[in-house]
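Labels run A, B and C following the written order; every chain starts at residue 1.
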Amino acid sequence: MNEDILQINSVKKSFVRNIIDVRGKEENERFFIIDDLDLQIPREKITALIGGNGAGKTTLFNIISGFMSPDSGDIIYQAENKQMSIIGLLPYKITRLGIGRMFQDDHIFHDMSVLDNMLLADADDFGEFPFISIIYNRKNKIIEQERIEKANSIFKELFGEDNPFWEKRDEPAKSLSYGQQRLLGLARLFMGNYDLVLLDEPTAGVNPQIINQILIIIRSMVEEKDVTVFLIEHNMKVVLDLADFCSFMSHGKITAFGTPDDVIGNDEVRRTYLGV
Amino acid sequence: MNYIFHIIIIINIYIILTVSTNLLVGMANLISLAQAAFYGFGAYLGVLALMILKLPMIPTIFFVMFFTALLSLIIAFPSLRLKGDYFILATLGFQLIVFTVLYNWISVTRGPYGIPGIPAPKLIGIIPVSGIIPFLVLSSILAGFVIFIFYKLVHSPFGRVLKGLRDDEIAVKSLGRNVTNYKILTFAISSAFIGIAGFIYASYVTYIDPTSFNLDEAIFILAAVLIGGTGNIKGPVVGAIFVVILPELLRFVGFPSSIAANLRQIVYGLALIILMRYRPQGIAGEYKLQ
Amino acid sequence: MLLQLLVNGLIIGSIYSIVALGYALIYNTTHIFHIAYASIYMFSSYMLLSFYINLNIPFIISFIIAIGLTILLSVLIEILVYRPLNKKRSSLNVVLISSIGIMIVVINIIAMFYGNETQILNPNISKSISIGNIIITYSQLAQFIVSLVLIFIFLIFLKFTKFGIKTRAMRDDSILCKVFGMDINRMRLMLFMLSALFAAVGSGLVAFDVGMDPYVGMPMLLNAIVALIIGGVGRFEAPILGGFIIGILQSLTVWVFSSRWQDAVTFILLILFLLLRPQGLLGEKKRAV
């Protein structure tokens, strides 16, 4: 088995911008947000992706998880002795192959209960085909019970015996605090049995205490569940603390890759991104 | 007394229409303006089964459900690839195409002349169901059945996916659920049950013509759901009762029927405007339209 | 025969163009699925009927009053219904349903006062000119010329006036416009006025030719929406192109099949465009924001 779980080969993505100048003249301009990008994600490691705003980081995530298709290039995913291109697959198929994702703005189900948030994330989708749950009523009940147990044990594992999530399991997720919503988003990923997880700024906008909790959870993903983590991060302290590898993205390309110390010490990165 | 029974039968038909439509609007957040087309499919397919194939009642119901669902897929597959406004527009387009075909394909549907003399459906192949009391029983059973099925669906893992869908579609995709499939299934299920309403209507009234299934009717069905409320079972039922009883009330108050027809439409329109502003979940619903 | 039909198509296409332009002014900038536009269109015809036939006021003056009242209706709809919803940040579906509500109310109020029957403005058979085999009535000629003039003025206006540039800016990014201190409410109000002007002119011209009933708005609105989609959402030249295409296509439908299948052909075209080229003829795919 190759040691890289994901190989991104010369991916390109462009958009057309419609611009009106001061005189009211219209113009269409094509620009590349991802420009011939190559990157390998090492297996069972934590790789951070850093870079300025508009560098194309989230676009890259969108391409990997199938929400956008690139103009050209290929992405090879390798898990459990299978090696395949995931370009052109629908997002749900990519998830089913074992690539989970957490978005920048959480995307938890605010109006659904905390528990339903977890149950809907289960890797097994039995009963979700209409009428199946009515026809196989007993089996459905057993599986639902198993799902609830699974969610309960994940909560216990991550947040301890008396955690607010299990207590508030029947309340809508929007009743949780902002930090807790983020943690729920992370906990949800444990329902899915993923091999690779993409995290888009998991620590953005939450307090240091929650950041610590998030770091512990991400580490346990890698160490206990053998998951590979690929994350976008702006907090350099988190990158240095957490990541095994770090890649720097600028103008649609990866311009530096290595250990976090190396990359953050890199002259170009310091000058163009960190501003020191 | 017969008058009251008649009203209840019509309410039952509308309950089937609104509860089924609610699965689309209130659960999957899909606003469809093609509901009257499926209603029409159900009616015309029912006529086909009763008059030409001479099927007994229960096979007729299954026949209607199956083929209405199948025909709805012709609409669902292309439309569901579209987002937001474009989806609504596509359903609107299909509604108009279906109406035009029903209206103009005279050799098959008799077009504007309509189809009179629809025979009574026969229970177990022999006992004809006709007259007001049998239809009261039949429509009540079917409406109850539809409410039961939809209650079960909403409270199943399938219902959970739909709730997820209306809350955050992107999240559902990212959790490995095939959103398009779920929407297509929802569309087909909703249409299949709407087909039942068409069948009851056709066999109860014993005459159909395309004007019962035009865009105005599609808007009317949607309005009934939204006035009653979406997201639960109670809302659509309240909506059905409201829209059927209101014109009767207006008549009791003594408005001449020429004005009453317009007046009730004005009440529906105002109800929509006011509810959308102050109570987007409708009178008795729980889901705020998004 | 074919030539005559093509000319007819071109003429009705010019009407579709201006009505679609009015719709596009709202849809491109506010994204409101403005179904109530159907009733705004219909309203103008009935105002014209009131002043021209019932009160016996000269046609031009009646027409101007009718346009004014239609603009007033459009403004009222914006202020009483759309603006509060916009302030509440209601979703576009909520606005759409409200818009359907408005349409139902306006149509039925008109039907209550004027009845459901078709009414005509011009009982005489319109005089006509013939060029070769082609016959064009004066009212058709008026439709064509007025529409073209209106389109021409609008395009110049869009290109060279401050309001035109603001309109295009708002189409691109209304949040940014707000950030830059543009008075969005005032802008919207003006767009609703301008949009109603287009509807009112188109409606009056058609009503003079073929009369009206309370339900004329919906078919016209649908044609306008289809014109907008096949032209391309987002560009203001697009509905003009789309309008002419539909007009001509419908004439060809009459030639090949019969007028009964016009609607079906129009909506099949709509579905094809939605599926195969949702950005329309003139549009280009853009980054989703």
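Miscellaneous remarks
Everything that follows uses one rule, which is that a residue touches a chain if its C-beta (ideal position, glycine included) is under 8 Å from a C-beta of that chain, and two chains touch if they have at least 3 such contacts.
These numbers were taken from a predicted model, which means no experiment stands behind them.
Of all chains shown, B has the CA centroid lying nearest to the centroid of every protein CA atom. The leading chain pair by number of C-beta pairs in contact is B-C. Per-chain CA centroids place chain A at a distance of 46 Å from chain C.
With centres set at the average Cα position, the gap from chain A to chain B is 41 Å. One inter-chain figure worth recording: chain B and chain C are separated by 31 Å, centre to centre, where each centre is the mean of the chain's CA atoms. Within chain B, contacts with two or more other chains are made by no residue at all.
Only residues 152-153, 156-158, 160-161, 163-164, 167-168, 170-180, 182, 185-186, 189 of chain B touch chain A when the two sit together in their complex.
Residues 65, 67, 90-92, 95-96, 100-101, 103, 107-112, 116, 119-121, 123, 125-134, 140, 144, 188, 192 of chain A are the ones touching chain B in the complex. For chain C in complex with chain B, the residues that touch the partner chain are 31, 33, 81, 84-85, 88, 90-98, 100-105, 107-109, 111-112, 218, 222, 225, 229, 260-261, 263-264, 267-268, 270-271, 274-275, 278. If you check the complex, the residues on chain B that touch chain C are 29, 31, 78, 81-82, 84-86, 88-90, 92-94, 96-97, 100-101, 103-104, 215, 219, 222-223, 226, 259, 262-263, 265-266, 268-273, 276-277, 280, 289-290.
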